[in-house]
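One structure is given here, and the rest of the page talks about it.
Chain naming follows the written order as A, B and C, and within any one chain the residues start at number 1.
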Amino acid sequence: MKIIIQNSSDVPIYQQIYEQIREAILSKAISEGELLPSIRQLSRELKVSVITTTRAYTELEKDGYIMIVQGKGCYVKSINQHVLEERLLKGIEEHFSEILKSAKLLKKSDEELLQLLKFLMEEINYDK
Amino acid sequence: MTSNALEVRNLRKTFKDFCLDDISFSLPNGFIMGLVGKNGAGKTTTIKLILELLQKEAGMIKIFSKELHSDFDIKQDIAVVFDDLFFVDDWKISDVESALAPFYTRWDTSTFHGYLKKFNLTTNKKVKELSKGMKMKLMLAVALSHKARLLILDEPTSGIDPVARDELLDILLHYIEDENNSILFSTHITSDLDKIADYLTIINNGTIFYTGTKDGLFEKYCIVKGGLELLTTETEKYLLGIQKGSTGFSALLDIDNIKYITPDMITEKATIDDVLIHVNLEK
Amino acid sequence: MMTIKNLIKLDFYAMKPLAKTMMAFLILPIILGIVADKGMSIMVTLTFMVFMLNSVFSITEQSNFNKLYGVLPIKKSLNIISRYLFSLLVLICTAAISFLIFIALSIISNGSINWTNGIVYLTVSIVIALFFISIQYPLYFKFEFSKANLMAILPYIVFFAIGVPLIQYLMKNVTFYTNVMKVINYFYENTGMLVILGMLISVLLVCSSCLLSLKIQKKEF
């Protein structure tokens, strides 16, 4: 598992850890049932405080990605594909509504917005 | 599991020209606490009081829920690294072990030699031949070899190069991989603590300015900046340690008071250094 | 008990850097014993040892032993008691060695041993050495070495610069002289009494000094 902490970033460190582990789980880079490094091992490796890694793991547990078994370790939970898709879709919806709000502030027309989206999609596809 | 490794309540000690007053903080088991403050703020005095190298005037200190003067065996559970060595200069490293090991019931020679090897220290080397960084490592090796559960470090990183500092941080994090171990770490080099500390206690002029989680500090305080014309006597009341320059001002703000500042002022995340600098200006 | 043993051992380790100087200085009493008085050599050796013991305070202070005592799992008063015990131990060993030198020198030069002379000197030397220690140690435990060192020299000054001339002056007085000689002769004839009296004085001195040190031990390091 790869986790890269950016100290200069505005994103809190626990959130950086949370997001990168979540991404690894969602992209199946770590498979379900796999044992994650313990909270304290992870803080040593990342050179961050125990409270920070604890917070990242608790959030991951709360959101149903991992399971913390006292004294044993943290496992990647099996995720119901359907629920997962729904959750991700909801995330997309939320982001879109944010975009629409910002577009409204800037008085951008729907067409301009779509064009921007298309442009971005092409760029991402080109990267791949 | 939420018991405290160290608990200090209303500690007081007065000297001719300095006074430590109403010092209270607690370090939960299994975590790292940074004791921060500028030189002379009272960090070393606090540590000496904890170890009873100084006699406290008032207050209470509990280590693993016991008071030291009632139970001297607690010291078996404590390890200390000071900024200066307490070994005889002419001792070889092997003498250090022979002289100190008998005092500890849980001394582990193989652990000690493991650390020596890791730190590139040879047993026939004399203490006075060691560099400052090496001396710190030797003290750390002694400290970590008798299975102490509370490690107290007093300015271990002052005068030590960044590489050795980084190694130290790694050792400390390795040490608390065991959830029963805790660390109290006094320093004025805040970059060390920015990374690894769970809790922070900030001492300023002998009193506690903040004690709590490190994240809590940044959630409670932020830095405010702006042009001098924005400062009024009314807003100044809510700002801490205002630093004025010809181009503007910066100050510390308790986030609860954010409603009292004008929108023209810029707020940003504080660092431990920021807090120290501004708190020092606040008299 | 174990702790005291360990603390005494710690003091021996602290003394280690002095070992070479001590060995070199052991030649001095031997030479002195040959050229001057064999009994005198016992006294010199023991006085020299008191100086060496003073250096232990200097070494432990320079090495921040105050902090070490704070870190080690020991009771605060124990380091004082063990320092006294350590000093006694060192002096006993030195006394034994110097007495052996005395015996050896006597056999070599005279072919016989003047036991009375030896025991008188040994007893007086031990009492004097312990007298010095008893006055110095409380000072060392109370003050910093550099400060206490000046004060600790005082007993020597009192003893040699004032006491000796004073006695010499008084000796000119005939009645005083005869009385002193009577006492000295008495002890020469009753060495047993001298030894017992010496031991009594020593125990009294050391015990009261130790108690004083414990009382006035610097509270602030």
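The rule is simple: contacts are C-beta pairs under 8 Å (C-beta built on N, C-alpha and C of every residue); 3 or more make two chains touch, one makes a residue touch a chain.
This structure is a prediction, so every number in the text was calculated from the model and none was measured.
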### Query
If each chain is a node and each touching pair an edge, is that a line, ring, star, complete or other?
line
### Summary
Contact-count maximum falls on chain pair B-C
### Task
Determine the centre-to-centre distance between chain A and chain B, using the mean Cα coordinates as centres, and give it in whole Å.
34
### Query
Where the centres are mean C-alpha positions, what is the separation of chain B from chain C, in Å?
45
### Distance between the centres, which are taken as Cα means, of chain C and chain A, whole angstrom
77
### Summary
Within chain C, the set of residues that touch 2 or more other chains is none
### Contact footprint of chain B on chain A as seen in their complex
7, 10, 12, 14, 38, 40-41, 43-44, 47-52, 55
### Query
Can you list the residues on chain B that touch chain A in the complex?
30-32, 169-170, 173-174, 176-179, 194-199, 213-215, 269
### Task
Can you check the complex and tell me which residues of chain C touch chain B?
2-3, 6, 9-10, 13-14, 16-17, 59-60, 62-68, 70-76, 219-221
#### Entry: For the chain B and chain C complex, residues of the former touching the latter
48, 51-55, 72-76, 78-80, 82, 84-91, 95, 98-100, 102-104
